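Presented sequentially are two complexes of chain A, the first with chain B as partner and the second with chain C.
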Partner chain A sequence: MTTVSTTLAIVLTFSVLAALAAIFLRDVLNAIIAFAAFSFGIAVAWILLAAPDVALTEAAVGAGITTVLFLVTIAKTVRPSGERLLEAVEWRSVAIVVLLVGTLLTTVRSLPAVGSADAPVATSRVTEYYLQNAYPETGVENAVTAVLAAYRGFDTLGEATVVIAAGVAVLLVLRQEAYV
Partner chain B sequence: MIDLLGTHYNYLVFVALVAIGLYGVTASTNLVKKIIGLNIFQVGIFLFFVTSGYVDGAAPPLVGHGSGPYASPLPHVLILTAIVVGVSLTAVALALIVRIYEAYGTLDEDAIREVQLND
Partner chain C sequence: MSHADSDQTYVESTIIMTTVRVVVPFVFTFGLFVMFHGAESAGGGFQGGVIVASAVLLLAFAFGIEPTREWLEGPLVKTTIAVGGATFAFVGLGALAMNGAFLEYEAYGFGSDGVKYGIELVELAIGAIVSGVLISLFFSLASGDFLVVSANNGIEAEPSENAANGSDDAASDSDNGSDDGVDASVGATGGELA
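Here is the complex of A and B:
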């Protein structure tokens, strides 16, 4: 039975605390800073989980661009800051969350242990195919890049379409027709 | 339950993040904080996917040289796509929030509802 490494556990616990702070801090600027710290913690967790590509994207997009977008939004609108430091607990939401947590916790036990070598994803034929054939077939050493740009290239084209559509939508919503 | 802390810690964190995110979306009255909650919910799901492809002591999936075991590349690819789509979604949502502020002069959900009732 494998166990989660202490470093990973500490990083994940930090992330959960930062996420809690982001939701419960009343001042929106404080919440955005806590959210950036959360994204940073998660980016470190991706490195510990052997996913450097995801870590780079999370650090650049999650901690970087998303934080800037939030800051621009409160600069353009309003930053409501109350007299209290924390939000009051909303008990109706707690009830919904408890229902969700209860449902999900019943499934956790049936998942394979973190990092076990006989987990379904690690032993799946798709994983084995990509790891064995990605380099000979595409000449790309990074299997993630090979899958992203070669095997699932149409997926990535769809992703690019989503980004373009989002950019056009933002300009339209903000009535910046000069750029459209 | 306690033994799960050692072997399934990532999945428990996934449940915690999804719970925090859902709480943020439903309980916050400020629209910007709702979007923060949405992002936390989304990262919880990412953690579930990336953890499922991880093998203890695995190297990142750089297969040109060296030998395994490697982490499965497929969850990483799916999550890379999801991160980019997520930030697009956040950008559109925040643009809508800026317009809502222009129209109503507030970002508080309850205050917006009051303005709508008075119109």
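Here is the complex of A and C:
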């Protein structure tokens, strides 16, 4: 457990540094690469926390597709003039970010320890029900898939509809009648 | 939307083309595997769809965005999205028709196996939706015609907008102007896009 915690601490530190680099680097291309590194770090963190489904999503979407979409977007823009490496700091924005992060950090103390056996998620009756009945009822070995596609199938249909609606809306806004 | 305009950054590279030609079938198969195998291991329609879309993006990077777009031209991507959405909805409605609840896979009467195949079908449908939307999004962003249009509008609209504004808006404009020139730099970038 301690080795996992140490690795997790290293990975999260890497992610925070990458996030800071993404914020402060002036060149957008550098910022995008730093953002991809951040997503990669978070994906590794999800693996360490034994959530491979989320890790796969984070790696494919965060570090993969999003990076590519950012790249094709900035290919249409120009580089900022000047030789400065870092972006100037906006102190009003910093104040808002500090306020928000400070508020969120106050909740950290009430979270259960990483991997704790008596975390509410592990002891909840709902979790127990899914873990005991997902396979006999659906024949699906991945309980996450069983929840997403069977027990919460209606929610997932809603999500799929949102993806279609968002896609159609964005494509209409981009005015690409020639290719949708 | 001429070739030279939207594909200026493309440089033909034998190494990239050869590598992509070898890798893409495996990436595509892996995407389908993640969709199908979401029931047994990590993954599912969403993740698999993203991987399938990234296979097409690899092709676009290796062989140029315009040729890939022409290769995919037609109703293929649109149809993929629509068929995905319809499949998901009809799997749900079909259960209603078989006197079950909406999306109740047991209602099809194949037992536990039927539930599993129903889930696999739904995962495939999600994969079709996600990959289709991402592929269209990529080509729309990459073609970039909309940027030229909006940049021109911005330049032309700005002075008249300022002139038409009342004192109220003018005050807020000057407030924005004091933001360390951030707005000004954004405007400049927009102008150079054209």
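Following the convention adopted for this analysis, the second predicted complex is superposed on the first by the 168 of 180 C-alpha atoms of A that agree within 3 Å, B and C clash if a C-alpha of one lies under 4 Å from a C-alpha of the other, contacts with A are read in each partner's own complex, and residues count from 1 in each chain.
To be clear about the criterion, a contact is a pair of C-beta atoms (placed from the backbone, for glycine too) under 8 Å apart; a residue touches a chain by one contact, two chains touch by 3 or more.
This one's a predicted model, so the numbers in the text were calculated from it and none came from an experiment.
Once the two complexes are overlaid on the shared chain, A:Thr161 sits against chain C while remaining clear of chain B.
Once chain A of one complex is fitted onto chain A of the other, the partner contacts of A:Val170 extend to both chain B and chain C. Contact with both chain B and chain C is seen for A:Lys76 once the two complexes are overlaid on the shared chain.
In the superposed model, A:Thr138 makes contact with chain C only, not with chain B.
Of the two partners chain B and chain C, it is B that touches the larger number of chain A residues.
Using the contact criterion defined above for the overlaid structures, shared-chain residue A:Pro52 touches chain B and also reaches chain C. With both structures placed on the common chain, the touch criterion links A:Gly153 to chain C but leaves chain B unconnected. Of the two partner chains placed by the overlay, neither chain B nor chain C lies in contact with A:Asn30.
Of the two partner chains, chain B is the only one touched by A:Phe38; chain C is not.
The residues of chain A shared by its contacts with chain B and with chain C are 52-53, 57, 61, 65, 69, 72-73, 76-78, 80, 90, 141-142, 144, 146, 148, 156, 163, 166-167, 170, 173-174.
Per the touch definition, chain C reaches chain A in the complex via residues 1, 9, 34, 38-44, 46-47, 50-51, 53-54, 57, 65, 69, 73, 77-78, 81, 84-85, 88-89, 92, 102-103, 105, 112-113, 115-116, 118-119, 122-123, 125-126, 129-130, 132-134, 136-147, 149, 180, 182, 185, 189, 192-193. Those residues of chain B that touch chain A in the complex are listed here as 4, 6-24, 26-28, 30, 32-33, 35-37, 39-40, 43, 46-47, 50-65, 68-77, 79-81, 83-85, 87-92, 94-99, 101, 106-108. Interface of chain A with chain C (complex): residues 52-53, 55-57, 60-61, 64-65, 68-69, 72-73, 75-78, 80, 88, 90, 136-142, 144-146, 148-150, 153-154, 156-157, 160-161, 163-164, 166-167, 170-171, 173-176, 178-180. Looking at the complex, you find that chain A touches chain B at residues 1-4, 8-9, 12-13, 15-16, 19-20, 22-23, 28, 31-32, 35, 38-39, 42, 45-46, 49-54, 57-58, 61-62, 65-66, 69-70, 72-74, 76-78, 80, 87, 89-90, 92-94, 96-97, 100-101, 104-105, 108-109, 111, 113-117, 119-122, 124, 126-127, 130-131, 134-135, 141-144, 146-148, 152, 155-156, 159, 162-163, 165-167, 169-170, 173-174.
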